[in-house]
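Everything on this sheet refers to the single structure shown next.
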Amino acid sequence: MKHNLVLRFITKYLFPVIALFALYVQFHGDYGPGGGFQAGVILSVAFILYAMVFGMESMEKVLPLGLLRTLASTGVLIYAATGVTTLLMGGNFLDYDILSQLPIQGQHIGIMIIELGVGITVSAVMLIIFYAFTDRRNYD
Amino acid sequence: MSYTVKHNISLTVLLFALWFGLSGLFDVLMLSLGIASTLLVVYFSYRMDTIDRQKHPARLTLQLLRFWLFLSREVISANIDVVRRIFRPGKNISPQLFQLPMTKKTDLARVIYANSITLTPGTVCVKVNRKAITVHSLSKESADDLRSGRMADAVPEDERDEET
Amino acid sequence: MIFVEIISWIFIFTGALLGIAGGIGIHRFPDFYSRLHAVGITDTMCAGCFIIGLCLQTGFTIASLKLLLIFVFLFFSCPTATHALADTAMLSGLKARLDKEQ
Amino acid sequence: MIFTVATFAILVTISLGLARALMGPTVYDRILAVNMVGTKTVLLIAVFAVLSGRTNMIDIALTYALINLVGVVAVLKFVEQGNFYTDGEDD
């Protein structure tokens, strides 16, 4: 696909749009359809489009596999840390009401942080799966 | 250097406008999240630009607007032609495969040219390179129309894009 | 108000007819390369008519802005997909059925 | 009323496209038909969103419009090269 001039050009224009749309879906989970999981998948789709058109070598320079592994575990850590924080502040595990003076605002903040963790983990894991698909050592 | 900075600033502004159009919320929280998201995306796209050494200009000119008007008129007339051919009984098409010389000098103009040929029903651009463009057309009339160079003349070209 | 309704109905109806015409076209044309043109109809004017009709229905809100964004994205991605398809088919050696007397 | 007509027309077009995808002599015919079905699906979701008044659902149509190209490119790359790890020849 690298020989195709039109595809290369349009990918360059489409990547920022898809990635920004993914982040929009990430942060507007409570206003419309969306949330962490969907946003993570859309974000990884943007990177997969880039990887397919420009080749895996460029992709591994943009996002190395080691960084992706770190990100995948960071997302889980954010999730767990939020739960432990509420526990330390005197509530139950993932009891968002404690996070702020107003329970509603606390729930808002809590869900946003949790969704952020989910989004990071899902997009990193999706990309790790894609890397595993394209790994030539398992074939041949 | 200055070109890269200009490119990134225009990309940031366009992406933030897109965020604002999608979200439509005036919250402080949402606006700051929008700025953060835009900067993250611009950072990744800058990284990609430096890795594969391809930068693409984002310029909106009055010329482009005029070209869009021209293109939409072409698309509508070509649509009517193809629909007529679909419903005409018997032998209704005369497919052609031919080459046109590439008159455009910059990659951006080449891509706009190829995509507008494809967007017009009745002609599909099959192959693009620096020297020529191969087109498959549904009828002899639309092939002759392309050969006359009306479309090629209408595509706007900015010589400054070459400095990428 | 009824005037806007009628115009939007006309647009949606035209889009529906064009869509069916494109659907018939991919069965009537003989080979792959000519079928690309039939799909071109559904990608351009059919989608455009639908979007304009729906925009008139929703009025000037954020929904109509999103509908216009859908149109813009289709406007960029559809010819790209068609071109990539034709290019790959040509590279793989699929022959086009051309007119004999040129 | 008009929405019933629009939905019905889109469904007819989708079934025509699916028939081509099943019949298609070459693999490229099938990809072409699937691409068309994708475009019509975007329109179907948009019509349904405006019809039911849940305009939030237009986001889904927007997602599909952006992702349709990626699916076509992925299938094309797989058909052309048989794998995902080679880049294809340079120009």
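We just call them A, B, C and D in the order they show up, numbering each chain from 1.
Following the convention adopted for this analysis, a contact is a pair of C-beta atoms (placed from the backbone, for glycine too) under 8 Å apart; a residue touches a chain by one contact, two chains touch by 3 or more.
Note that the coordinates shown come from a computational prediction; the quantities given were computed from them, not determined experimentally.
Engineer: More C-beta pairs touching across which pair, A-D or C-D?
Structural biologist: If we tally the C-beta pairs in contact for A-D and C-D, the bigger total goes to C-D.
Engineer: Farthest chain from chain D, comparing Cα centres?
Structural biologist: Chain centre farthest from chain D's centre: A.
Engineer: If you average the CA atoms of chain A and of chain D, how many Å lie between those two points?
Structural biologist: 25
Engineer: Could you work out how far the Cα centre of chain B sits from that of chain D, in whole Å?
Structural biologist: Centre-to-centre distance between chain B and chain D: 21 Å.
Engineer: Could you state the distance in Å from the CA-based centre of chain C to that of chain D?
Structural biologist: Computed from C-alpha means, the inter-chain centre distance equals 11 Å.
Engineer: Using mean CA coordinates as chain centres, what's the gap between chain A and chain C in Å?
Structural biologist: It comes to 33 Å between the two C-alpha centres.
Engineer: Which residues of chain A are in contact with two or more other chains?
Structural biologist: As it turns out, chain A has residues touching two or more other chains at 1, 5-7, 10, 13-14, 17, 21, 31, 54.
Engineer: Multi-chain contacts in chain D: which residues touch at least two other chains?
Structural biologist: Within chain D, residues 59, 62, 66, 69, 73, 76, 80, 91 contact more than one other chain.
Engineer: Considering chain B alone, which of its residues make contact with at least two other chains?
Structural biologist: Counting only residues that touch two or more other chains, chain B contributes 18, 22, 114-115, 125, 129.
Engineer: For chain C, which residues count as touching chain B in their complex?
Structural biologist: Against chain B, chain C makes touches at 18, 21, 24-25, 28-29, 31, 33-34, 36-38, 40-41, 43-45, 62, 65-66, 69, 75-76, 78-80, 82-83, 86-87, 90, 96-99, 102.
Engineer: Any idea which chain D residues touch chain A in the complex?
Structural biologist: 56-57, 59-60, 62-63, 66-67, 69-70, 73-74, 76-77, 80, 83-85, 87-91
Engineer: Help me check something: in the complex, which residues belonging to chain A touch chain D?
Structural biologist: Interface residues on chain A, with respect to chain D: 1-3, 5, 7, 10, 14, 17-18, 21, 25, 31-34, 38, 42, 45, 48-49, 52-57, 133-136, 139.
Engineer: What part of chain D is in contact with chain C in the complex they form?
Structural biologist: Counting only chain D, the residues touching chain C are 2, 5-6, 8-10, 12-13, 16-17, 19-20, 26, 28-29, 31-33, 35-36, 39-40, 42-43, 46-47, 49-50, 55, 58-59, 61-62, 65-66, 68-69, 72-73, 76, 79-80.
Engineer: Can you name the residues of chain A that touch chain C in the complex?
Structural biologist: Within the complex, chain A contacts chain C at residues 1, 4, 6-7, 10, 13-14, 17.
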